[in-house]
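The same chain A turns up in both complexes below, where it pairs with chain B and then with chain C.
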Partner chain A sequence: MGWNMPRGVLFTCIVVLVALALIPMADSRYLIDISTEIMVYALFALSLNVIIGYSGNVSFGHAAYFAIGGYTNAILLTTYELPLIVAFPAAVLASGLAAAFVAYFCTRLTDIYFAMLTLAFAMLVWAIAFKWRSVTGGDDGFVGVTVPEFIDGRVPFFYFTLITVTLSTAVLWMICHSAFGQTLVAVRENITRAGFIGVNTRLMRGAAFAVAGAFAGIAGAIFAMYNRGVYTESAFWPESAQVLIMTLLGGMYSFFGPAIGAAALYLLERFANEYTEYWPTVLGVILLVIVLVLPEGLVGLFKRVKARMVGGR
Partner chain B sequence: MRPTLRTTVAAAALVAASASLAQAEIKIGVLYPIAGNGAVYGTPAMHGHNMGVDEVNAAGGILGQKVVSFARDTKLKPAAAAAAAKELITKEGVDVLIGGLSSAVGLAISEVARQEGIVYIATIPKTIQMTTTKLHKHVFRTSSHTDFEGDAIGQIVNKLGKNKVCDIQLDYAYGHDLAAGIEKGLAKHAPNAKKVIDLRSKLGATDYNAQITQILGSGCDVVTSVLWGSHFVNFAQQAKPFGLFDKVTYISGGEIASHEIAGKMGKDYPDNVISNTYELWYDHSFPGHEKFQADLAKRSGKKETAMWPVLSYTGVKFIAAAAAKSGSMDADKLAAALEGLTIDTPVGERTIDPKTHQANTGQFWGPMVKKDGVDYRVMNPVTFYPATLD
Partner chain C sequence: MAVLEIKDLTKDFGGFVAINDVTFSLEKGEKHAIIGPNGAGKTTFFNLITGHLEPSRGSVDFEGKPITGMPPHKIVRLGLARSFQRINIFPRMTVYENIQTSLIARDHKHFSMFSPGAAQNREETRELLDLVGLDTEALEIAGELSYGKQKQLELAISLAENPSVLLLDEPTAGMSPQETNEAIALVDEIAKSRGLTLLFTEHDMSVVFGIADRISVLHHGELIASGLPEEMRNNPEVRRVYLGEGDDAAA
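And then the complex of A and B:
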């Protein structure tokens, strides 16, 4: 398969990128804000899909690495006044290393036991953020994150996010479509058979977990600067559940599905909040629809509709 | 062509007129938890807010323009509150932000206000950071804060002549801040008082048996605390069988003297509790309170109204007064007008300190006692502790 994108996907990506790059021309602060947030959540969901869609494990604690990236970037930029060129990679490294550490234990298990252990570690991260008040600000949050001058503005920050998320997505695409990615798919499809052909399945699953954690850290580091703050809730289980729903809504067996799911869920939540106070009810309906009607997410639905149209039925 | 041209011009004029009408509004972005678990606080706060806005509009609006509110649910989450605040500013074009509940949410909204250069009035959050380390040009607080609460507790301990203090707080930012406030209050007003034991309970804890036995074993004669809401309800239910409230005086911040708690607990409310509240529906010590409470009762649909509305109501009145003073809704001018501004509220006069941007919001403190004819406790005598640290 290789790293090359199918022509149709590449064309769609270019159109989306050009459209995103033109958003600041619309001179709408609102549009810039929601686009920035959607890009961050899209990367967050894409990172989770390395675990779910490619290695075939379910993580209930992915928010932990988003939070670690956010807190590390915020603390290094603000408390230690380090430049972004140091703080940002350090945040990504911290998230990746934390994920690798957790993976060492979690990959001993599979299925629901794996998922529950990821949740347990994520809650540990939350508890550290909550209790280590002198460093993280505790439940008041780490507020007032220093943002480097060159991206301290709505439009510069938007382009910084666009470039970072685009590059990260491109790297994720290469990882997922490399021999490593294809091996992960083999592990997902039949872990026993993959083991028999000589694949170190535990190492592969652990590596996928660490990669996912590092990219979640990138999303978290951007979000901390965007919000000028990081809060303990970023590591709390509802955040992990939200990114899981984004991934499922978009479609976990498609590379870009989670990004579409992130955009759809984010926009639904935004508009629902503007017109009703019953977002939890809306979310419940979305979950029901995913389970009952869209088991392969929005991308699966699109493929089914396309197939029906091409088939002339 | 002519009729078409005329029609076009008329349509354009109509659009322009509607646009100018649409602009002739003062927009307030309101941020409270109005759904889910937080609605128990957010819904009454919205009653007070809407009442304030209706009164302002009935009196001619702000700068002759109608006041319109855009309410958003903060979900008690700082990131959600920040996103909602940004949306209110960038999409709805609000002139000012108001609200917040928890400290984290208040700080998150304040950070958005700093970035966007818009005035934010924190009506409920109490974190001391907001008006100290995280203070900026556009943030103002009209609720109390933990140092004021701690100072009042220090004064009460001194009045009671008690010397052995047990302190039990919730293990999170508000609890830590209040513990520090109590330390300062005790050092200032009751220097002979000694803290015998320091206890920390988990936020959301339901089991207090370990702490109760520690308090009983420590020999203290007064307990200082901020177990608010359901924390206090659980603590009291578990401590009563041990006779804890017969052995110590329990002084608590966290507004457990409000009718929300006293009414909910009814006959289960323990003896020997001295606590605080921003407002009491049955106490008309200040002029204007009786009318305020009657109007609020109509709006809430019950005689025994909650304490939160007075806070959100006061926030609206501060905005109206500041706009009248500055003659503008420009954020910098509004902020300048808020500095040192004094207004009358149903619970007394309030002034915003020009340096700290903190209003001198005092609270009512007193023992919660039984009253004939009702099955809930009331505060008697009611003492107003003004918010001064000098």
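And then the complex of A and C:
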């Protein structure tokens, strides 16, 4: 086959999966809810990293595709009473196509201009969700999402999320380690030279953006059912900022870094909210630490510590 | 037969004319050197040919097809590859991946999302590494190689595209004399075995006269002379330009 995941990574993945699969045994609603949400955010952050870590562009508007996946799934399930097997793939397709459309414009630009345009499109998605009340519920949100019977319940939904996120992550991992993914890294590393080895770099960056949008759509579609609702906030810029921070906190130069960042930031927020009212301040400090001390995130820190212990220096 | 046909090529950088009305042709199979003092416009000339810059005026035909204004990735696909004067590699990938990715692109596999990147073109990657003498450095991070080795990698990336015409911009700049000799012997050998047409710029006159079949001289953006090496050696205008510059005058 030729897909070689490093042994240590594969082993860690299996341990994490087994641990997750056992969580419902603990019979704690709190634990099940936390893990379901973390899995969704982990997939969301992993998808963003296709743009950031692999294609080398920054998106300030990734929440838009999460929201489009959520709204589409919710509307098709509830308003049109379609089965999940239709609604869910349609939601993913809608996110992917929306991202491809936006990428068509954004990939003309690079750096901060690219990022600002992604933000502008996300604001547009937010405005549509806000104004198109008859379809989206406007600022009341789209509430009362129909959840298919077979996953209606905390534990079945947890397993549905676990399986969907695991499969999505596996596919995403393959994409990132495919001939496409490797070339994408070359585009990130040196876009000029990538053009001179015969790569249409604009198309590559666009494809990465569309893939990222589709997988964000999966996360959004799950979340809509989990919450039994979709709200305009899901497309709003703080949501885009949060997933960006998750990605950077975990480490953009590692495939699984963003998932670790998602778990870390999510848990930090939970605990911080229990002890202080100053979560935004804490978030600010986290951001400063990433920028100043941990440019390669938690995974980068882990690698440095490991190298030091092994190297004895 | 001319593989490159360049007519009235001009590049105006907002009032500063870096390439001025250059008409030039490159014959199939030749090894053609472009010489001229620093700032003469050699790199700009290459940038115009390879689509890195858009000309202000003039045309470039490659194997009879107009390529003026085409993006670099399309020009490379036609078989016209180049290397860069300033190192231009994929710095945080391994040496191996640098070459492998170039081969993936050549074979149009860079949109394959479901075939493993690491499994592509493994043998050919190894062969190219051997060819340019980077086999022992295969797994090193490209950006951490010595300057001379990065230059070799630069060459290998270009060769991986399997071009019929290769433009080398100062392939030995910054190399030690020994590295220079090795690099030039290598280029010469590859050009022979692959039947490459070579257009190169080079500041070391012993290298130029050692391998070039034909030499053209660029000065202040103008092509002032073009001919066989011995003609250039005795051309009074060429001597004046080079004597005026001081160095390399003895060559």
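Going forward, the second predicted complex is superposed on the first by the 311 of 313 C-alpha atoms of A that agree within 3 Å, B and C clash if a C-alpha of one lies under 4 Å from a C-alpha of the other, contacts with A are read in each partner's own complex, and residues count from 1 in each chain.
Basically, contacts are C-beta pairs under 8 Å (C-beta built on N, C-alpha and C of every residue); 3 or more make two chains touch, one makes a residue touch a chain.
Computed from a predicted model, the values in this text were never measured in an experiment.
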(message) I'd like to know which partner A:Met204 touches here: chain B for first, chain C for second, both or neither.
(response) second
(message) Once chain A of both complexes is superposed, is A:Tyr278 in touch with chain B (first), chain C (second), both, or neither?
(response) first
(request) Classify the contacts of A:Gln182 with the two partner chains as first (chain B alone), second (chain C alone), both, or neither. (result) second
(message) With both complexes overlaid on chain A, does A:Ala87 touch chain B (first), chain C (second), both or neither?
(response) neither
(message) Between chain B and chain C, whom does A:Asn190 touch in the aligned arrangement: first, second, both, or neither?
(response) second
(request) Check whether A:Gly144 is in contact with chain B, with chain C, with both or with neither, and answer first, second, both or neither. (result) first
(request) Could you tell me if A:Ser28 is touching chain B, chain C, both of them or neither one (first, second, both, neither)? (result) first
(request) Once the two structures are superposed, pull the chain A residues common to the chain B and chain C interfaces. (result) none
(message) Which stretch or stretches of chain A touch chain C in the complex?
(response) 1-4, 174-175, 177-183, 185-186, 189-190, 192-201, 203-204, 207, 211
(message) Under the stated contact criterion, what part of chain A meets chain B in this complex?
(response) 28-30, 33-34, 37, 130-131, 133, 137-141, 143-144, 227-229, 231-234, 270, 273-274, 277-280
(request) Can you check the complex and tell me which residues of chain C touch chain A? (result) 50, 52, 71-73, 76-77, 81-82, 84, 88-93, 97-98, 100-102, 104-106, 109-120, 157-158, 160-161
(message) Using the touch definition from the top, list the residues of chain B that touch chain A in their complex.
(response) 34-36, 72-73, 75, 77-79, 82-84, 86-87, 89-91, 102-104, 107-108, 110-112, 114-115, 127, 129, 134, 171-173, 176, 203
